Amino acid sequence: MSISAHLPVLQVVLPLISAPLAVLLRHGGFAAAIVTTGAWAAFAAAIGLWLQVAESGTLSYHIGNWAPPWGIEYRVDRLTSFVLLLVSGTAAIVLPWSRASIEREIPQELHYLYYAMFGLCLAGLLGITITGDAFNIFVFLEISSLATYVLIAMGRDRRALTAAYRYLIMGSIGATFIVIGIGFLYLMTGTLNLADMAVRLREVENTRPVLVALAFLTVGISLKLALFPLHQWLPNAYTYAPSAVTAFLAATATKVSVYVLIRFYYSIFGESLVFEQLPLPQIMLVLSLLAMFIASFIAIFQDNLKLLFAYSSIGQIGYITLGLSFGSVTGLTGSIVHLLNHGIAKAAIFLLIGGLVLGLTRPGTTPVVPGFDRLAGLSKKMPLTCIGIVIAGLSLIGVPGTAGFISKWYLILAALEQGQFWLVGAIVLSSLLAVAYVWRFVEVAYFSPPPASSTDIKEAPFSLLAPAWLLVIATLWFGLDTSFSIGAASDAARQLLKTGS
Amino acid sequence: MHVLLILMMLAVLAIARTRNLFSVIVLSGIYSFLMATVFVALDAVDVAMTEAAVGAGVSTVLLLGALHLCRSDEAKPTHRPWIPLSLSTATAAMLIYGALGLPGFADPDAPIHRHVVPRYLQNEIDIPNVVTAVLASFRGFDTLGETAVVFTAGAGIIALLRRRKKNGKEGNPDAG
Amino acid sequence: MTHFTYMATVFLMVAGLYIVIARGNLIKKLIGLSILQSSVFLLYVAPGKLLGGTAPILSPEFSLYSNPLPHVLILTAIVVGVATLALGLAITVRIREAYGTIEEDEIVALDQDDFHDRPENQS
Amino acid sequence: MQDDLVLRVIGKILIPYILLFAVYVQFHGDFGPGGGFQAGVIFATGIVFYALIFGLQQARAVISDGFVEAMLAAGVLLYAGIGVAGLLLGGNYLDYFVLSSDPIHGQHRGIFWVELGVAITVCGVMIKIFYMFASHGDGGEHRQ
């Protein structure tokens, strides 16, 4: 057998197998090694797939050697391999980081289960991304969701439990809506294979069940991607989950949901149905703007650093869906590139906050996310952590030279293309809100005198700083050299809209 | 079958109105059992067997176990449920709108009967129970995912409910 | 026939959805979620029935079989549903231990107290 | 409940048949309704009955926590491992055709093993969940 021919399935199966192995061994250290290896293998597979797709176009892998639509197909195109890289890459960076942090955040005897859940969550997210079968999306969505609920509930604060419960309820309603949508599509087309479904859907395009399927899939997926106002599960889930979990989820979980939405809109329903039959783009435009303004505005007034950036995430998701609502190559490029740019910036911020929390907590006590009063003058004690947060924060604002600028630039171009000048103003104005919430951190960390009691605070150790700074550097890199990010995103967008490539 | 469906609707109404959780759990067991019977009427014997074992059996035991640990009855609702009501009504309207456009019941020309499925019924791998053949072979990867879901739930419950260090005396198994 | 089955399915779904979002008791919500999930099974399985067909277990005596594919999908969905329920109940048990109640309103009130009383004081 | 003689006798008679029925459901799945999942549930029910009648401690002595936890993992690994076997024998993932020189026989072999994998995981999870719920309340530190 040649490994390169089986990369699509190995991509998912390697992290999937790492989880039961971790449980079988029942040892934190071994579990860490196995699951981390699984994640790195998945990252390597994603790079391999990226190269294969660049060379020979869309790949199709028939699991069980059953041809689609009878068997389950794995299908990798430009967008798929881009999202696979983002998800597996984030896991490959976050897992080594989490070694030191869960030591303090999760009881010793649960470490192997933490790693098992992490592996399952990763495998689930990769499986959703790569699969070419509608029902298989649901199955892998549930693997990743159940693992996520457990990971969130592992947080030390009791509010982690209620956050996990709320996410379980809202996530399951979302998943059920997705199943209803897939059910209607299946009843109308008789197939579950996405490519086959897209072809057969053309015959029944304007029937009522198809429109209802579109509506249910939109609502279901929007619940999972925390589109305003379906975001209520997100703030507490991000805030009370263990730091490594927050960083991983913020960079991947909502992004994969966006990917599924893009997949259904452009590859299955087709832009003519989505953008002409229903007022979906208008609704999405309004909700995106509400997310950008209201969530960012709420973020400004949070006294908990993690909560602040959780609300910022909801606002940033608004930019991603805003790009979708244009239905143009430029807008879609902006959305796709923002998946990456926001993902890495947010992962960097949450990893750095994780290090900051550990630094502010005395050894042997439960780490608690500090209020702003405890951050006063912190830049003197933890300079590298603080400057990292500021740089990634600049990317959230969209300052030129950071990755976030590139995404916003493309969104503005897309708005100009359609002659919607007021939207340009809205994008700039909402960025000012991001300035305000990032400034709150800068003000307290750099311009407030440190309290007298803070003498024993030290900079985070290298093992926590290095992975986080890798992401910070990536944020700067993708702000200056866009050949990878924009190249990939615009290729993917053109492929989706079938305008050459 | 109409009778069964009407009974199920009545069971759900009773569940919604009852505040004694023990009764609610018993009612939901009955609901699952009725559902299993409906599946038999629809020729879905494998599904019926699983629904009876899982819905009426495992779920009921789990719910009773959790109720035993939580010892609770539902409190009186404090606010008027206008928002849930309107959301539910909107969902119902959408569903009815879509369902009325679906192919007719038991229409042999519906896409689900004409496409994909005929090959499954040719028995090319010599397994008489087609459900098993599709489940384990044609769509075997879904079933691997399903097993992984079960594993996730199991390992997750260990992570959630494991006693932290101070293992208490264990005995009295009447929680089930 | 057709309409009644679909309407009954829709009724069950919506009733389940209503129980999940309107009720405050955490166990009751999970029961509502189960009803919502299991009513979707009917949406898949009912259209698979063929009049005069039998269960899809091949034998020389029959020639018409009901559609097996929805059965396969729903078997998976049932398992996913019970896995979600089990996990939800485990979280509920932990919530009860941590808060002493499983009523949503009371939990929200307790969390708000938390927020004002002990903002991040470390011990 | 552990002291009820009638229950113990009935249990002793009944439980072997429950376990046997599980085995039947497992291996008859190719021909009639049933398969790994249902068999796993039924087998676990037998064990749960045993625990209810003879006491949780007794059941845990027969099937230990560590063993149950290994079962959870072993089933998934078996299933995923069959897929890997397909790869190693030159087919695609979960390709059962290559598991034997006769493709149809290969299919049967593959289905047999993956159904067993499902049964092991499901059975392990059901028993484990029962153990967790049953023993959880007894610490009593949070309760009156």
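Which chain is which? They are A, B, C and D, in the order written, and residues in each are numbered from 1.
Here is the rule we go by: a contact is a pair of C-beta atoms (placed from the backbone, for glycine too) under 8 Å apart; a residue touches a chain by one contact, two chains touch by 3 or more.
Values in this document were obtained by computation on a predicted structure and should not be read as measured data.
Engineer: Tell me the chain pair with the top count of C-beta pairs in contact.
Structural biologist: B-C
Engineer: How far is the middle of chain A from the middle of chain C, if each middle is the mean of its Cα atoms, in Å?
Structural biologist: Distance between chain centres, rounded to whole Å: 26 Å.
Engineer: Express in whole angstrom the distance between the two chain centres, defined as the mean CA positions of chain B and chain D.
Structural biologist: 20
Engineer: What is the distance, in whole Å, between the centres of chain B and chain C, each centre taken as the mean of its C-alpha atoms?
Structural biologist: 6
Engineer: Would you mind listing the residues of chain B that make contact with two or more other chains?
Structural biologist: 45-46, 50, 54, 58, 62, 65-66, 69, 95, 99-100, 102-103, 110, 112-113, 116-117, 120, 128-129, 131, 135, 137, 139-143, 145-146, 148-153, 155-158, 160-162
Engineer: Residues of chain D that contact two or more other chains, please.
Structural biologist: Chain D, residues with two or more chain partners: 31-33, 37, 69, 72-73, 76, 80, 83, 93-94, 96, 129, 132-133, 136.
Engineer: Residues touching two or more other chains, restricted to chain C: which are they?
Structural biologist: Counting only residues that touch two or more other chains, chain C contributes 13, 17, 21, 30, 47, 55, 57, 69-70, 73, 75-76, 79-80, 83-84, 86-87, 90-94.
Engineer: So that we know how the chains sit together, what is the shape of their touch graph: line, ring, star, complete or other?
Structural biologist: The chain contacts form a complete graph, every chain touching every other.
Engineer: Hey, which residues of chain A end up touching chain C in the complex?
Structural biologist: 135, 138-139, 142, 146, 149-150, 153, 158-159, 161-162, 164-165, 168-169, 172-173, 176, 179-180, 183, 186-187, 192, 303-304, 361-362, 365, 368-371, 374
Engineer: What residues on chain D touch chain A, complex-wise?
Structural biologist: Per the stated touch rule, the residues are 66, 69-70, 72-74, 76-77, 80, 83-84, 86-88, 90-97.
Engineer: Can you tell me which positions in chain D touch chain B when the two form their complex?
Structural biologist: 1, 29-35, 37-38, 41-42, 45, 48, 51-52, 55-57, 59-60, 69, 72-73, 75-76, 79-80, 83, 93-94, 96, 104, 107-108, 110-111, 114-115, 117-118, 121-122, 124-126, 128-130, 132-141
Engineer: What part of chain C is in contact with chain B in the complex they form?
Structural biologist: Answer in residue numbers: 1-19, 21-25, 27-28, 30-32, 34-35, 38, 41-42, 45-51, 53-59, 65-76, 78-87, 89-94, 96, 101-103, 105-106.
Engineer: Going by the contact rule set out above, which residues of chain A touch chain D in the complex?
Structural biologist: 1, 6, 9, 13, 16-17, 19-21, 23-24, 26, 61-65
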